[in-house]
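Chain nomenclature is as follows: A, B, C and D, assigned in order of appearance, with residue numbering initiated at 1 for each chain independently.
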Amino acid sequence: MDKRLLTREQIAKRIANDLQSGDIVNIGIGIPVLVSNYVGPDAEIIYHSEQGVLGMGKKAKPGEEDPDLVNASKEPVTLVPGGSYSHSADSFAMARGKHIDVAILGGMQVSEKGDLANWKVKGVKLGSIGGAMDIANGAKKVFIAMTHTSKNGDIKIVKELDFPVTALRCVNRIYTDMAVIEVQRDGLVLKEIASGFSVEDVQKVTEPKLIIDEDLKEIQV
Amino acid sequence: MDKRLLTREQIAKRIANDLQSGDIVNIGIGIPVLVSNYVGPDAEIIYHSEQGVLGMGKKAKPGEEDPDLVNASKEPVTLVPGGSYSHSADSFAMARGKHIDVAILGGMQVSEKGDLANWKVKGVKLGSIGGAMDIANGAKKVFIAMTHTSKNGDIKIVKELDFPVTALRCVNRIYTDMAVIEVQRDGLVLKEIASGFSVEDVQKVTEPKLIIDEDLKEIQV
Amino acid sequence: MKLINKIYDSMDAAVADISDGSSILFGGFGGAGVAYELILALHRQGAKNISAVSNNPGYHEEGIAKLIAYDRISKLTCSFPNAKDSYVFRQKFEEGKIDLELVPQGTLAERIRAGGSGIEAFFTPTGVGTEIAAGKEEREFNGIPCILEKAIRGDYAFIKAKKADRWGNLVYNKSGRNFNPAMAMAGKITIAEVDEIVEVGELDPETIVTPGIFVQRVVKRSGL
Amino acid sequence: MKLINKIYDSMDAAVADISDGSSILFGGFGGAGVAYELILALHRQGAKNISAVSNNPGYHEEGIAKLIAYDRISKLTCSFPNAKDSYVFRQKFEEGKIDLELVPQGTLAERIRAGGSGIEAFFTPTGVGTEIAAGKEEREFNGIPCILEKAIRGDYAFIKAKKADRWGNLVYNKSGRNFNPAMAMAGKITIAEVDEIVEVGELDPETIVTPGIFVQRVVKRSGL
């Protein structure tokens, strides 16, 4: 069987399958932005955007842009019916106060304890935090969407972070182009695996020893 | 000349003279409640009420009461044009954050350093604080309206409080039925005196040694 | 489509799962913004050993005074326990049947907001030099003496609002707002008793005071 | 009758008294809710050695990027300094001409709200185990590790709102709200740049987001 890494879109689609109607979800930049495209019409998901939008809708069409209604990447968006605005302190009260059900974030490194690095490359002087630390710390569940290894092949799922930390013990699940991995108290549990890959293939590019779920499946997307 | 103690109404009127148009004022129970009756029509005073009303108006007339619009004593009131509502945390952000220009409060004891006791009688087990501590601490200026001595003749302006403390070093001025006294760094300055009373009369019922203002006047009401 | 629907059919259904020993935040200042019908439903339900947070202890036998009268509340965190009409609380307190944590009103509101906001504790000047400071850490910041106050959260919050939609978005009526928005944030399960339920999208997004993220259940008052 | 009137005739008049070395809180997230005309007036006015607090450092040469380009800002407290279009800041930072205090966005918003609310410092989990925690006290509450963060205040706050009245009551437009309400609370002199000025009483009291108590000056945008 061919080994087929998931595309960015397929990773997003796989994550969308794990969202439930009613979830309040914060979406980070990168692959996470694609997730909302794959949420089915039978789910009512409420998107939180850090600058004070709860119930963020689709990107604004030409002509309906308002410079005062933007997403976290400063692109013009819309508000869905039922949406509301808050000031930044209250918006982050939502994030820090454990009111957001799921944060879907990109990752540079994730440790076997669920520590996350995603805000600054190692060795760089100037980085931007934005809402990353508050949201990673505060969301009820943190899902990481990323490629399993970096462009130049570096392992990203590691025993200990050596990139600058975003938040400790915050990640619940890691969705990569190769696997779905759950962070549990006793370690990383391999739950699903991309079509054509073996457990050994995944372990080879994953530093901590993986626990193999008894119900290991192929990723369906 | 007759010694004439000020009435409660006269104390209130004297305080009203020291308010300026534009002042944001918090009013405590007792004599302070009377102050707004004596604010002239040429001053726009904004009344803050702790439960989340900025721009509190007069008491509601029969038929216009709303059980959700009350003053700090739970009496139905009105809102003036320009008024607004806040939740309790924001309402006390106004008080604690030094945004209220003047708090006019009752007093049981005031010390020569400006310490205030006004929430609980000495020796009593169960007292109510309400907003007293936050407001006494947080207002830019605290004016105390009280009789100079207690009903049974106890001295209320003392060297050290022996009643339960409301807030330390918070009082700016004391308005009594006998005198207007300013709390300054070097002590209590007697600024005004009720008609017919001598400095000695006031000193006799004031424990700390009073500093006599060079411009000592009779209270005009 | 599985729509979000936080609306409960009755007050009784909305409080049915509250177990003995729960902590509950009760909105309201005096009689304004009190979830009276939810409180009555809780009385019928019978949960006891409740740890209550409320600015007032209720008046006569209304509001939480009724719960206190029936010995359902074992501890009250409160700023104004001793009003003339709060005789039920006073009597139970003197009999040793209810504990009191006395808190300045602003500190109470802020501790609750902190509980809902991921703030575990804060330093504030209110209470320095008073009996409220007993046992609390004191520290100066920029020459301002402060005491350390800790966050308050509740297993439940009983909120009174004017209007809600099925997402739990809320607007309030006048100073009936008071403690309700902060308590909505700090309740693990926040239950809103409302005068009116409207369609999603009817509330102006600029004027929603409590976004639905902070509300888990909504029930319409019977007004009886 | 001496009416309250916080309205200034021009942006220049509203910023005329700002002296070198002042601290200023600048509202806005990205380009939303930024008081652009006040910033331009401050540029004309010439004050330098400004200690600025702003979520972003401005883009291209717009907003506070213009002040940075002219070396008017000596220190920036900020959550997102390194965006693609924030090249002005990046260059000045690399040249050592501006200091940076990097703060997580939620901590930044909360430190500002604290500054306006009589909270001198607070404990929060955000930043634990990161470089943000360096030099800060760490303490556990209920098993949750937290760091101590201190209040932020400004000599001035530059706020952008939609409507104001002469009392300084403000409403905002959509997510243009962002940092503005908290900064209005924390500015000693808060100056609001607004699209429209209305009569006192025109704004619905239930919908006022920033009550006038937090605003000292109001100026209408020219829109040019």
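Observations on the model:
One rule holds in what follows: a residue touches a chain if its C-beta (ideal position, glycine included) is under 8 Å from a C-beta of that chain, and two chains touch if they have at least 3 such contacts.
Every value quoted in this text rests on a predicted model; they were computed, and no experiment measured them.
The chains that touch both subunit B and subunit C are D.
The minimal number of chain-to-chain contact steps leading from subunit A to subunit B is 2. Seen from the C-alpha centroid of subunit B, the farthest chain centroid is that of A. Centres computed as Cα averages put subunit B at a distance of 34 Å from subunit D. For the pair subunit C and subunit D, the distance between C-alpha centroids works out to 32 Å.
The centroid of the Cα atoms in subunit A and the matching centroid in subunit D are 30 Å apart.
For subunit B, the set of residues that touch two or more other chains comprises 79, 85-86, 89, 92-93, 95-96, 134, 137-138.
Of all residues in subunit C, those touching 2 or more other chains are 106, 110, 113, 117-119, 124-126, 172, 174, 205-206, listed in ascending order.
Across the assembly, chains come into contact as A-C, A-D, B-C, B-D, C-D. Those residues of subunit D whose C-beta lies close enough to touch subunit C in the complex are 106, 110, 114, 117-126, 141-142, 144, 146, 150-151, 171-172, 174, 204-207. Contacts from subunit A toward subunit D in the complex involve residues 49-53, 66-70, 74, 79, 85-89, 91-93, 95-96, 115, 126-135, 137-138, 164-168. Against subunit A, in their complex, subunit C makes its touches with residues 1-4, 113, 115-119, 165, 167, 169, 185, 200-201, 203, 205-206, 208, 211-214.
Note for the complex: subunit C touches subunit B at residues 29-33, 55, 79-83, 90, 93-94, 100, 102-110, 112-113, 124-132, 172-182, 209. On the subunit B side of its complex with subunit D, the touching residues are 21-22, 24, 41-44, 46, 48, 54-55, 79, 81-86, 89, 92-100, 134, 137-138.
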